[in-house]
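Worksheet: the structure to be examined is printed underneath.
Per-chain numbering from 1; labels A, B and C assigned in written order.
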Amino acid sequence: MEQFFKDPSIYTFVRGPLLWLAFLVFFLGIFYRIATTLREAKKEKIVYPYLSLRYTLRSLFRWLIPYGSISMRRHPWFTAITFLFHICLIAVSLFLVAHVELWYESWEIRWWTLPVSLADGMTLIVIFCIILLILRRLFQSDIRFLTSSSDYLVLTLVALPFITGFFAHHELVLEYKTMLTIHMLSGEIMLMAIPFTKLSHMFMFFLTRAHTGSEFGAVRHSRDF
Amino acid sequence: MEFKRKPVTDIGIDETLKRFDEDKIKRAIDWVLNREASARLKVFVETCMRCGMCTTSCHHYLSHDQDPTYAPAGKVKQTIWDILNKKGNVTKEDIKKYARIVFSECNLCRRCVQFCPFGIDIAYLLSVVRRICCLIGAVPQYIQDQALSHMQTTNMLWFRQDEWLDTVQWLEDELKAEIKDAKIPVGKKNAEVLYLAHGLEAKYMTGLLTNMAKIMNVAKIDWTVPDTDGWDYTNKAFYACDFETMGKIVKTHYEVAFRLNVKKIVMGECGHAFRTGIYEGVRYLGWKESPIPYIHGVHFFYELLKEGRIKIAKKIEEPVTIQDPCNIVRYRGMGKMLRYIVSQLCENIIEMTPKDDHNYCCSAGGGMIDAGPAWKSARIEGGKIKAEQIKDTGAKIVIAPCHTCHKGIEDLNEYYKMGVHVKFLTDIIADLMEIPEEMKP
Amino acid sequence: MSNWDWDTREKVISNLNEWKEKFNSVDEILVSPDFEKIVAIVTTQEGKTFCINGETWKNTFERLCFPQITSVGSVICLALRNYEWTLAKDDTVMEETFDYAWNLKTNKDSKSIAFNIKKGDSYGVCLDGKTWDTLFFDARDLILSDDGKHTASYVRVENPPLLDIFSFKKGVWTVAVDGNRWDKSFISIYGACFSPDSKKIAASARLSQQEFTVTIDGKTWDEIFLNVWEPIFLDNDNVAVPVKTEKGWTLAINGKVSWPYFTQLWHQRLSPDGRIAAVVATEFGKWTVALDGNPWKKTFSHCVLPPFFSVDGKKICAVIKEGNTWSVAINGKPWERGFDRIWSPQLSPDGNYCIAKAEKEGTYFLVLNGQIGKETFDMLWEPKFSPEGDKILFGCIKNGKYIRKVLSLSEVLK
């Protein structure tokens, strides 16, 4: 932040105030979305009375471990891709040395980091998975039928920080600092987009699964997986 | 991918649409989207990642050569997403398409929900569209007719009150030929069990009611049937999402039970009525659970056999397979009870794959069979996968403890030449059970 | 009631074991309001007949249906003889016969008897031997006025061909009073009731998918609701009915919303001192009684049956179900004990005592103010308080014998 006031430039802006803003929007956005959803769910009357912790957990467990549901077992490739994709995506975002360094610079906190080469590989996996996901949207008929341009946009939103990060790290295409600026900018845009686009599935997943898991398990005595 | 279908005319939809202006459509949509639907609709629509995990779960998709317009999320896209995208400004042609999809290409079986990583309730989303159609009045003629009958008579077939009473009385007389002093008590106060029948059992399928009465008599159940409206457990209004009528029917059933002071309601082998009797109707009225036990035929037979209240004299030897009705298995986990009963009745059981709560719908449920002859081919086509699944077992008998599954599979059997017999548990049990000497006339 | 025998502590009225030996079957056992008579439909060599305290009627029938004992102790029944239905009352048989007869009803003082009838393919009502002049394609249910002079039924006035949904949607049902139909017809009409002076009749009418209202003598209210349940008359002019609006269920009086909103509201009842109580769900799955719009604090999970009042209207009492057990709640306080089944409780004239018949695991007993009576019975009929409220009277079966018993209140528990 101070850096930006001392030396206002696009880089320091992206590194300072915008980052703040992005996190603010991200967290407040998530909070807002969850809060409004929970409030609206009250109007449904039949959501809360049937919620069951046990069956919510059962449902989450089944869907968070690879191949825990019949659906995942029926789609082995897609499941592999999505799990790899999500794991790498989250791991790189949280445990990349460069990211953790930033936290340290600002807050003097640090945590475990990924070995650089592994992080690099994971970044490539994320990019590769996104390409597969795009190909799938383009060529698998049932998914093409469902897909609209916004789905590609969302994929692009996710892809950009990884591509630019990779480029910056290896000093490809553009000069390091410019690329880094673009990387941070795209990352911030993605963060801010999460609560308000389909990326909200990141947290909505827990809400919908709680409802459906409880409804299937506690009320209907059958499986939702 | 285009929405290609053979033209079908159904005056319930086509004629109705001619009689209204598009204003009415907009009003109905606004009402349902703003006043009735809430968080679930919004979250389910927003959270769907269009990942296609649900696609192959649906028997309609599988039976239609993997046509994406039949896939669960595909149907959602072509209906509710479309409505939302157009902000409710849809044409009559749109409604016609929606009605066709929601009434004749989805059985509300919820199998797809089990396959969606987010647990998105696709059946709910499609029933929101049914509700919109209902408020416009664009409902298949046969469903509408039955719902109209339910509105006043509470039964599905415009039966007059004496026709029910008279039927029960002559059935009792007939049963006396088989069971000494057999009784079908009518409106008996303080009985343990209030038995409700399927509307058709009072007219075209009386044998089934007689067989249930036979089982009741042999098992020495203290039972009764209603002496007023409310004897018919069916609730076809539910198919149209005509919640007003659906609620009234369920209210009538429980009020008859309270008036007669029975301990529980027992119904026969029917899926949708069980579903409305313990979920949809009850919830519409504000009950979290049924106020008194509402027992499905499968559950009832299970208890009779477990407690030894009836004994099975001989078993069926031919190979049988089991149809798991969605509304009692995926919706209530009765697969185990059903299998216990069948194991007591049959020597040779060959299971379908998939089975139990992952089983495919018969393709007749959720109102598709009640939509009438115009839509018969839709359910026959959608049932191709079911027919294959049954054929693969090589069974000669399909046990289907649900009126809808029963008729649906009979029709598939005829069309796909499966060479099976479809049977109700009631009929099999009445046939195979021991009748104590002193009860024989 | 005051002239009933409140002194004989125990009368063995009849031995049912003997009946069972004597007759091929003994069904539909009933007892008279004063518990002096026990009645059953029995099968003799000649056919079906009634056995009253061991004595049978002279008349026999092919079938006897819907038997009742009226408040003055007459035995009435709809009877089938020679393939025709008629009314049998105290061993006399009405001359007129019908192709079918059902829904047997008596008015308050039991002077009038009415039932639904079918003649040929036409339907209507027979009141005290006189059949409506106009009959209909269908007539469902029977509503009899308190004075016993008027009858009403829901009748079908149009007969479009099957599946002609557009004609049916115009409405083919209306109310006929004494055979005269209302002009308007509806897609559904229900909940009809007469005013206390028997001059007016109100019913709920469904006009379209989501338009419901109340109609009084065929004149509908201007107010339309999303749904309505059954109306009641508060006096000869005012009608109260549960209605559903966008905000939920509430009570409307003469079309005007008069109560707060609830998740559910039904079975509104008028107290002797002019208040209204109704069964409400304050939230999804939380049931209780509301008095003049104020719900009891305590709610019950499974259900609450229609409330009723003590003579002075100060005590309100309802059967409730919490979890799997039935019990009784008075002025918002439930009894501690629960039962497998409980029957409508009786309040003593001063409202201080409440007694009910209850069942647990197949045995029957009395419950007084929540305390279980010491005696158990094979069968039991709902007890009554003496006019002074110091004794209770009931009928029961023990070892096959029907016994009429009078107990002082203190004896119930000892």
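Structural remarks
Keep in mind that, in the parts below, contacts are C-beta pairs under 8 Å (C-beta built on N, C-alpha and C of every residue); 3 or more make two chains touch, one makes a residue touch a chain.
Note that the structure is a prediction, hence the values are computed from the model and not measured.
If touching chains are joined by edges, the resulting network of the protein chains shown connects every chain directly with every other.
Chain-level centrality, scored on Cα centres against the all-protein Cα centre, points to B.
Taking A-C and A-B together, the chain pair joined by more C-beta contacts is A-B. If you average the CA atoms of subunit B and of subunit C, the two centres end up 32 Å from each other.
Distance between chain centres (mean CA atoms), subunit A to subunit C: 62 Å. Note on chain placement: the centre of subunit A and the centre of subunit B lie 41 Å apart, centres being C-alpha means. Residues of subunit A in contact with at least two other chains: 45-46, 49. Looking at subunit C, one finds that residues 263, 284-285 touch two or more other chains.
Along subunit B, residues 283, 288 each make contact with two or more other chains.
If you check the complex, the residues on subunit B that touch subunit C are 11-12, 15, 19, 35, 134-135, 137, 141-142, 144-145, 148, 151-153, 158, 160-162, 165-166, 169, 181, 183, 185-188, 227-229, 242, 244, 247, 251, 254, 258, 261, 263, 283, 285-289, 291-292. Across the complex, subunit C meets subunit B through its residues 24-25, 27-28, 63, 65-66, 100, 102-103, 116, 118, 123, 138, 140-141, 154, 162-163, 165-166, 168-169, 173, 187-190, 206, 209-210, 212, 226-227, 246, 263-264, 266, 281, 284-285, 287, 301-303, 305, 321, 340-341, 343.
Of all the residues in subunit B, the ones that touch subunit A in their complex are 1, 38-40, 42-44, 46-47, 49-57, 61, 66, 68-69, 71, 73-74, 77, 113-121, 279, 283, 288, 329-333, 335, 354, 357-358.
Listed in rising order, the residues of subunit A touching subunit B in the complex are 37, 40-41, 43-47, 49-50, 59, 63, 69-72, 74-75, 78, 82, 137, 140-148, 151, 198, 200-201, 204-205, 207-209, 211-213, 216, 219-225.
On the side of subunit A, the complex with subunit C involves touching residues 45-46, 49.
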